[in-house]
Amino acid sequence: MSQPSPRHEIAHLGHVELLTPEPEKSLDFFVRVLGLTENGTDGDSVYLRTWDDYEHHSLKLTAAKTSGVGRTAVRASSEEALKRRVVALEERGLGVGWVDGDTGIGPTYLFRDPDGHELEVYWETERYRPPEHLRPALKNQAQAYPGRGVGVRRLDHVNYLAREAEVNGRFICDALGGRVTEQIRLDSGVISGQWTHFAQKSYDIVYTNDWTKSNGRLHHIAFATDTREDILRAADIALDNDVHIETGPHKHAIQQTFFLYLYEPGGNRIELCNPTGRLIFAPDWEPVTWTEAERAKGQAWGLKTIESFHTHGTPPVE
Amino acid sequence: MSQPSPRHEIAHLGHVELLTPEPEKSLDFFVRVLGLTENGTDGDSVYLRTWDDYEHHSLKLTAAKTSGVGRTAVRASSEEALKRRVVALEERGLGVGWVDGDTGIGPTYLFRDPDGHELEVYWETERYRPPEHLRPALKNQAQAYPGRGVGVRRLDHVNYLAREAEVNGRFICDALGGRVTEQIRLDSGVISGQWTHFAQKSYDIVYTNDWTKSNGRLHHIAFATDTREDILRAADIALDNDVHIETGPHKHAIQQTFFLYLYEPGGNRIELCNPTGRLIFAPDWEPVTWTEAERAKGQAWGLKTIESFHTHGTPPVE
Amino acid sequence: MSQPSPRHEIAHLGHVELLTPEPEKSLDFFVRVLGLTENGTDGDSVYLRTWDDYEHHSLKLTAAKTSGVGRTAVRASSEEALKRRVVALEERGLGVGWVDGDTGIGPTYLFRDPDGHELEVYWETERYRPPEHLRPALKNQAQAYPGRGVGVRRLDHVNYLAREAEVNGRFICDALGGRVTEQIRLDSGVISGQWTHFAQKSYDIVYTNDWTKSNGRLHHIAFATDTREDILRAADIALDNDVHIETGPHKHAIQQTFFLYLYEPGGNRIELCNPTGRLIFAPDWEPVTWTEAERAKGQAWGLKTIESFHTHGTPPVE
Amino acid sequence: MSQPSPRHEIAHLGHVELLTPEPEKSLDFFVRVLGLTENGTDGDSVYLRTWDDYEHHSLKLTAAKTSGVGRTAVRASSEEALKRRVVALEERGLGVGWVDGDTGIGPTYLFRDPDGHELEVYWETERYRPPEHLRPALKNQAQAYPGRGVGVRRLDHVNYLAREAEVNGRFICDALGGRVTEQIRLDSGVISGQWTHFAQKSYDIVYTNDWTKSNGRLHHIAFATDTREDILRAADIALDNDVHIETGPHKHAIQQTFFLYLYEPGGNRIELCNPTGRLIFAPDWEPVTWTEAERAKGQAWGLKTIESFHTHGTPPVE
């Protein structure tokens, strides 16, 4: 069989497609409350971007019958890396095939993770050129800071639900060259959550076991802010805008991320997160494994993990 | 002659009228960039409010031939205090008379400081009742946080230019019950700046000597933010919106305020300030007097005071 | 009977005496973890100061058989105010008498609130003169910032437990000139908590009903930090120093204070708090009354109030 | 000749050796003011570590006749990468040879950049095991947060002075696999500064032209803090500890880093920096080139670059 993939084949998470049964309300949430900027439409979808994104869009919001995650895009580190990844995906029987990409990206290779989530990998991309009114004052920035709502900086990570987190985390490592930075091992030996990353950012794609034994569902997608103060303010903004706050702000023990969890109007869980400078430098980083007993202590400063955090996923299941 | 006034006769600064030769651009600045909320109009004036103001408005923006400060309103601590202040003002020959106040306040007594700035003192006021879309989630807050631009919390202070700061600072103390918390004494013995306050906030009305020997001019008005991070972000927002940053962000040695100075499109200097928790508790606080040598060290962390800070005032003079 | 007292008779909270059965560990907590500075001893007591305190000390830590609060000191606004307060206290039959004060303050008048907590009111005080190694760079600051642990800025408030909060809150208003800014009214009509203040700071002395029907107990004392970031960092510091975090960081709905609750080694609850700029300006502020239903929503951003918050007080009772 | 090196051969900056003619005062600065932790000595050197460093030390402070930078260590991404780098360095004639490394690292290959700065590259390293009193509460952290002084998180970057920045920046790219993220091009066409990086962090090694035409000198080394608030607080701490503040806090236009520049007692310039979340994701990032005219605008928010920033380097030259 195939070998584990070398590192640095995937440069970064590109964008994510989110499905919503409440497209107008969800759009208002992402634009007015989170501060994303619209950048075109395509059928039932609206393209949205964070101000620090050098590409066309960070989020594709698609009207649908129910909630959940659509396609997740990752950008290869080079054209050769893309070709190598296609080979690796086909070897594993998880490739779907080449398709034309969304607006802003070139040819893209569709595939599925073992749990069935749809992903794509691409190399060609269109560098974002802001219109006059969004031109930033500093030329090393993609777009002017919008000064609206939370003003999130970038799409930070995707956290999928999966029947078996470990199988999928291993796939990210073996087929895409990711590495596991942290994980949860239950007393039964089952790995119930795995955090994988592609470079110095400490996680990009996360898998958590789905208690419903469903496939292809979403736990949350996350947007990063510049500061923890932005997250505290976000909680005020959520409150005044009748956005459901599930839990936080608080600090995760795992990855030490400062977090706030919201539900967007379509029902999908959205995390606002700030890593406060945490990066993984060691090329031989050993995954940190948390036990059930450690997890029982709650989050970093003692907040008990809220029940719905273990039971709410999208789309909802019976 | 009359006695110095007892303390606590004036509760707080109410609102300020600012004159602008660029009313549309100034309005856009206050609404979109600083995040104030419109609350009605009156002739050539627009009423604007900060989200933490329990009264009708914090700023009255008036179209005029040139820039500068119009009328400044202070609220008395009680109806009796108002009557006592009127007596004290009339004794000093600086009273103008009773007039009907702006929208939102009751009868108001007009007066002038020795330098000629127009002020008013009032007791009756209309408590702000937000419309549905501005209703705050927490009932101990005046208005929902607007989530727009800088999102300033309140009008913080007014800094007048005057031919003789000391005469005017003394007037605030003697006629209104203020106290001097800090001041600058030049080597010549001249007091070139005086910071006066009414309660625990460490300053409310400031006088700085006008090098042009003019009367009735403005150095700046200031709005307070919740955090220093808000001020750092404000600098980004100013930059992306082509708002002139005069100096900062930095920390003043005097009063230790974290500051950013902008020019609004009408030419008036606007300070964004954060006191980082500083309050004056001692009822027998001795004014802190800064010497020329101490001032020559620049601001708290060493920033040299920019030349225009000593030369720009509004309205401009030949 | 006597009239309600005029406002502004009390300038501010002076200092608090805390009792601890673990004097060495408690001292280490206040010095190394919170960053207070020792300023002399007296018998079984150690005087400790926050860096922004203009007086001799903010906290008197006294070795004792059990935990709890000792004497709380408030400073009068003037010598005349002190005399008037003594008359008012004696009229109410709650005066104890004049005693020599702690180091740093002059003659002090001892009294008790209706619940039996011991307080004192004084006028004369010794302005703090820092030794060379604690001399601040800026002359408008009491002491150099210690750069140790949390680095709390000032003693912020005292929250007593009492059999009947309302009786005691009324006493603070009637005898000392305080005002109620916020309160909780149970469905039964009972006021279960009252927040009183003396000037612009929105609360200084708080009473909460003691479910044990005991007298004279303490819910917590609080120290203010400069920023919310200081409180987030404090949670890390507490964690690494095995200090029990009871709840937080989060934002109170009442008063909107950003908070973290710790237990110091002697068992007393200590709040670290940041008001983020909140001040009460209206001289005719109407108390905000929270209902049981509103309280059931938890803290500002939804955190459920932890059970021990309602059951832990010091000293412990059977 | 040899080919440009592939990316990701160097994982990160390991540690830097700083020379000081005032070893005791410099040690006090790094331990008490910046909050580093001692971790052993070696002859005239003291090893110091930041709390987030997974290796033995971040800084080697060596007593010397004058100031300046000693050896800079970079860690290879794998043993094979190390071997490949040695070949590449030898091909370029800049290799010195294998030596035993400092405490905590294995065999290390010594080399020089074209300007003569001494560097080393290594693979084997000893993971830091904290003693009991420095054990962190969270197992995914290297060491407990020290709660002392500024509390810097990590060594962030080294900024060398060089006769020709461009030659040296190209060397970092060609021999070590770095990439240029930003640079300054003078009107004459000369590249006067180049910022190079190894992974997502936007710069690790920087070269600035030395106006004295000397070789091997240092502009500054930088430590990163968790937040911008830490940098604002650092300025207060510097002030109270008589540490010279050269400039800042402010935001660089280049790289958008929030900065504060200090001189440690030995004369070396130390930057405290916070990237506020900035990372480089694009694998095909095009270097941002700043012109003289753009640089003349000063730093991001308009602060003029202080003269000494262009003239002070270590060791001093006639």
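As written, the chain order gives the labels A, B, C and D, with residue 1 at the start of each chain.
The criterion applied here is as follows: a residue touches a chain if its C-beta (ideal position, glycine included) is under 8 Å from a C-beta of that chain, and two chains touch if they have at least 3 such contacts.
Chain identities (UniProt): A, B, C, D = Catechol 2,3-dioxygenase.
Here the structure is a predicted model, which is why all the values come from computation and not from measurement.
The pairing of chain A with chain D is characterised as same-residue: of all residue numbers used at this interface, over half are used by both copies. When chain B is fitted to chain C on its Cα atoms, the angle of the rotation, on a 0 to 180 scale and to the nearest 5, is 180 degrees. Chain geometry summary: the mean Cα position of chain A and that of chain D are 32 Å apart. One simple way to say how far apart two chains are is to compare their mean CA positions; for chain B and chain D this gives 44 Å. Multi-chain contact residues, meaning those touching two or more other chains, occur in chain D at positions 138, 227-229, 236, 239, 300. Across the complex, chain A meets chain D through its residues 7-8, 11-12, 52, 54, 75-78, 138-141, 153-154, 182, 199-201, 224-228, 253-256, 274-279, 281-283, 288, 290, 294, 300. The touching residues of chain A, when paired with chain B in their complex, are 32-33, 136-138, 144-145, 147-150, 227, 229-230, 233, 236-237, 239-242. Partner chain D is touched in their complex by these residues of chain B: 228-229, 232, 235-236, 238-239, 245, 247-251, 258, 300-303.
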